[in-house]
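Quick notes on the structure that follows.
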Amino acid sequence: MSDHHVYKKVEIVGSSATSIEDAINNALAECSKSVKNIEWFEVQETRGHVVDGKVGHFQVVIKAGFRIQGS
Amino acid sequence: MSDHHVYKKVEIVGSSATSIEDAINNALAECSKSVKNIEWFEVQETRGHVVDGKVGHFQVVIKAGFRIQGS
Amino acid sequence: MSDHHVYKKVEIVGSSATSIEDAINNALAECSKSVKNIEWFEVQETRGHVVDGKVGHFQVVIKAGFRIQGS
Amino acid sequence: MSDHHVYKKVEIVGSSATSIEDAINNALAECSKSVKNIEWFEVQETRGHVVDGKVGHFQVVIKAGFRIQGS
Amino acid sequence: MSDHHVYKKVEIVGSSATSIEDAINNALAECSKSVKNIEWFEVQETRGHVVDGKVGHFQVVIKAGFRIQGS
Amino acid sequence: MSDHHVYKKVEIVGSSATSIEDAINNALAECSKSVKNIEWFEVQETRGHVVDGKVGHFQVVIKAGFRIQGS
Amino acid sequence: MSDHHVYKKVEIVGSSATSIEDAINNALAECSKSVKNIEWFEVQETRGHVVDGKVGHFQVVIKAGFRIQGS
Amino acid sequence: MSDHHVYKKVEIVGSSATSIEDAINNALAECSKSVKNIEWFEVQETRGHVVDGKVGHFQVVIKAGFRIQGS
Amino acid sequence: MSDHHVYKKVEIVGSSATSIEDAINNALAECSKSVKNIEWFEVQETRGHVVDGKVGHFQVVIKAGFRIQGS
Amino acid sequence: MSDHHVYKKVEIVGSSATSIEDAINNALAECSKSVKNIEWFEVQETRGHVVDGKVGHFQVVIKAGFRIQGS
Amino acid sequence: MSDHHVYKKVEIVGSSATSIEDAINNALAECSKSVKNIEWFEVQETRGHVVDGKVGHFQVVIKAGFRIQGS
Amino acid sequence: MSDHHVYKKVEIVGSSATSIEDAINNALAECSKSVKNIEWFEVQETRGHVVDGKVGHFQVVIKAGFRIQGS
């Protein structure tokens, strides 16, 4: 293992009818199915659908960062 | 009705002593009194008043998008 | 006291395992120990650590604004 | 009439299956039904829906500027 | 009246041959004819026309924020 | 299938000697070979090569969003 | 000739009653009269005049990059 | 004294009922009470309160830069 | 003369001990010595030198736009 | 092979205890293990860890662009 | 000690006649005289003075982040 | 000579196989052949070509500022 690491960021969009925090966790949960070792996230945008004058779903665009394995 | 739609975005600021999500819903509720068919929102800014070292009110600036009727 | 005020903004980062709102309040609570009269905050960035595919801590970067005493 | 004018900008989203230019014109046509004297537009965002790996509709967010009547 | 307020922001462009401050006031004066209770403004852009190598008119794009009545 | 979806965005650059719209469609066509269910795109940058004082190729940087399968 | 090149970017605004692509080509054609070897362009802004509720002219602000001769 | 200097920037908000320039000077005057050797400022935001459809106070957010003593 | 025009923008910095407006006019006056037909300006940045806790000079970075002769 | 190419950009973070240039090269080296034909990079952010008041590691976020094979 | 930490960011400008990396380290060294436990930095701007057509000093604006003691 | 100066900024792109600093110096050296009295530069973008998974050339986009002679 080298003395430095390399990370990759992927951009994902999670949604939730409940909260912004829940939308972030939903995005991370789905992303974790294929990517190991996610270490951090950065919120890029917060938006959502509106139904009958209320938030239907929060949609949170995040970047998730993970270490490239072997690096 | 044409085969394309035209939407308008308006910028509104909702507030809530409770949460960011609640501030967004308060903005949408007020906006829905005069505008029908809001379809989405986009958070522009999140800020708030501070009282005695605690958040007094969250203030969330959103853009709300709705289809122009008849379009 | 003059007829105009001068404010200062400081940039702080609060964290919370629970919610974005809680991270903001934690930042304000700590900041209030040394700064009196914080009047408002502005969210700059929302990010966080991820542990086992879930949010470990939300980290919220805010600017806190307070009136310079005597101004 | 004063020697200075005041303008207002509104944010609208036009769409078209054909082109970006057509989406802009569709937004302006709809907006012109209620607003007289639109003088300029500024493109804010260009995006669209994708259907079967092709652009279904271009969606162009513009700001339209018009002089406030009487100003 | 609820314990929270909802505000709207509109984007207007004022002009003045004299000064940036005057252009802002001209925009607010015109806007106040139709909107009550403007509480704050935010400068978005400062630009202008040039005539014979001198500023002909300053044009200042502002957002004006006002409380939605009844909120 | 859960009651919420997770999307991913990838950043691609399409080019075309003909038009901006064509460059977007070329990017989507290529991307669709490996990614199913692209639902939307967002233009990030428009640029191009110049040959003999004319546009040689338009290059359009887009983000393409698609639902992660199974989410 | 050195083993590295130096480029300059100039900012120009082209217009066209027809299309965004045509406005870019008009800007490049004019710029090429005085500058040799333009190699690329980057779109900065897309805007235009509106006449009778339709686009009168598209105005596209681009940066054009060219190699400084001898570098 | 070393052959290089280190500067710090602080963010302050000045206000004035008169002008933008005066708001900047008020911010600098207050800041100068505790910080010596302010060398430059950068305007970040210009905004203000509105009273009866007129500017009540201009509020100008600036960054003030000063050399750290001894550096 | 063609039915479309091409403009160029140059970036200049004017200064003044008096006001932001004066700094803009000084930039335009100097620029007009070599460039004919400046038609508009756009403020990019407002900053300045500080002397003894007061603004010594306002420095205003503008883009000045002018029609390319013959276009 | 068509007469146009399609590129993809991926966002990676390289680190180095030595220099910014080295961090970029480390990111590219790691990325090249799985991606062929990287043609360019764009620096997005430069940051780093601090240990005992000195830079421990530079961390450089880049976008790396490569041609999609077969396009 | 609580289970969450609060950090502060300060904005400093380091300079060096040698390199960007050296300018960052100079800023951190000076900042470390008064602030303990700086943990990270973020580059905001890179600029410099020019003397006789060569870089005289690199000036790098960074934000330095440190944990507020006791948090 | 008046008591105020006017500066111009030009945007240039330097490249170097060695370092970011060297690319900046190459840009300044070339620019100095035609422009006297460059006083400062501001980095706008850092990017580069990649060859065989390594940086081939760093390309640094800078703005160079110089005083207009006689101002």
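Letters A, B, C, D, E, F, G, H, I, J, K and L name the chains as they come in the text, with residue numbers starting at 1 for each one.
Here, contacts are C-beta pairs under 8 Å (C-beta built on N, C-alpha and C of every residue); 3 or more make two chains touch, one makes a residue touch a chain.
What you see is a predicted model; the values in this text were computed from it and never measured.
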For chain G, the least number of touch steps when starting out from chain C: 3
Cα superposition angle of chain E on its copy chain F, in degrees to the nearest 5: 120
G-I, A-F or A-B - pair sharing over half of the K-L contact pairs: A-B
Chain A and chain C, separation of their C-alpha mean positions in angstrom: 23
Inter-chain centre distance, chain D versus chain K - centres from mean C-alpha coordinates, in Å: 44
Chain C and chain I: spacing of chain centres that average the CA atoms, whole Å: 38
Chain K: positions in contact with at least two other chains: 10-11, 19-20, 31
Inter-chain touch pairs (all): A-B, A-C, A-F, A-J, B-C, B-D, B-E, C-H, C-K, D-E, D-F, D-G, E-H, E-I, F-G, F-J, G-I, G-L, H-I, H-K, I-L, J-K, J-L, K-L
Footprint of chain K on chain H - complex, ascending: 3-11, 63, 65, 68, 71
Complex contacts: residues of chain J adjacent to chain L: 19-21, 24-25, 28-29, 31-32, 38-43, 64
Complex contact set, residues of chain B against chain C: 19-20, 45-50, 52-55, 58
Contact footprint of chain J on chain F as seen in their complex: 10-17, 23, 26-27, 30-31, 57, 61
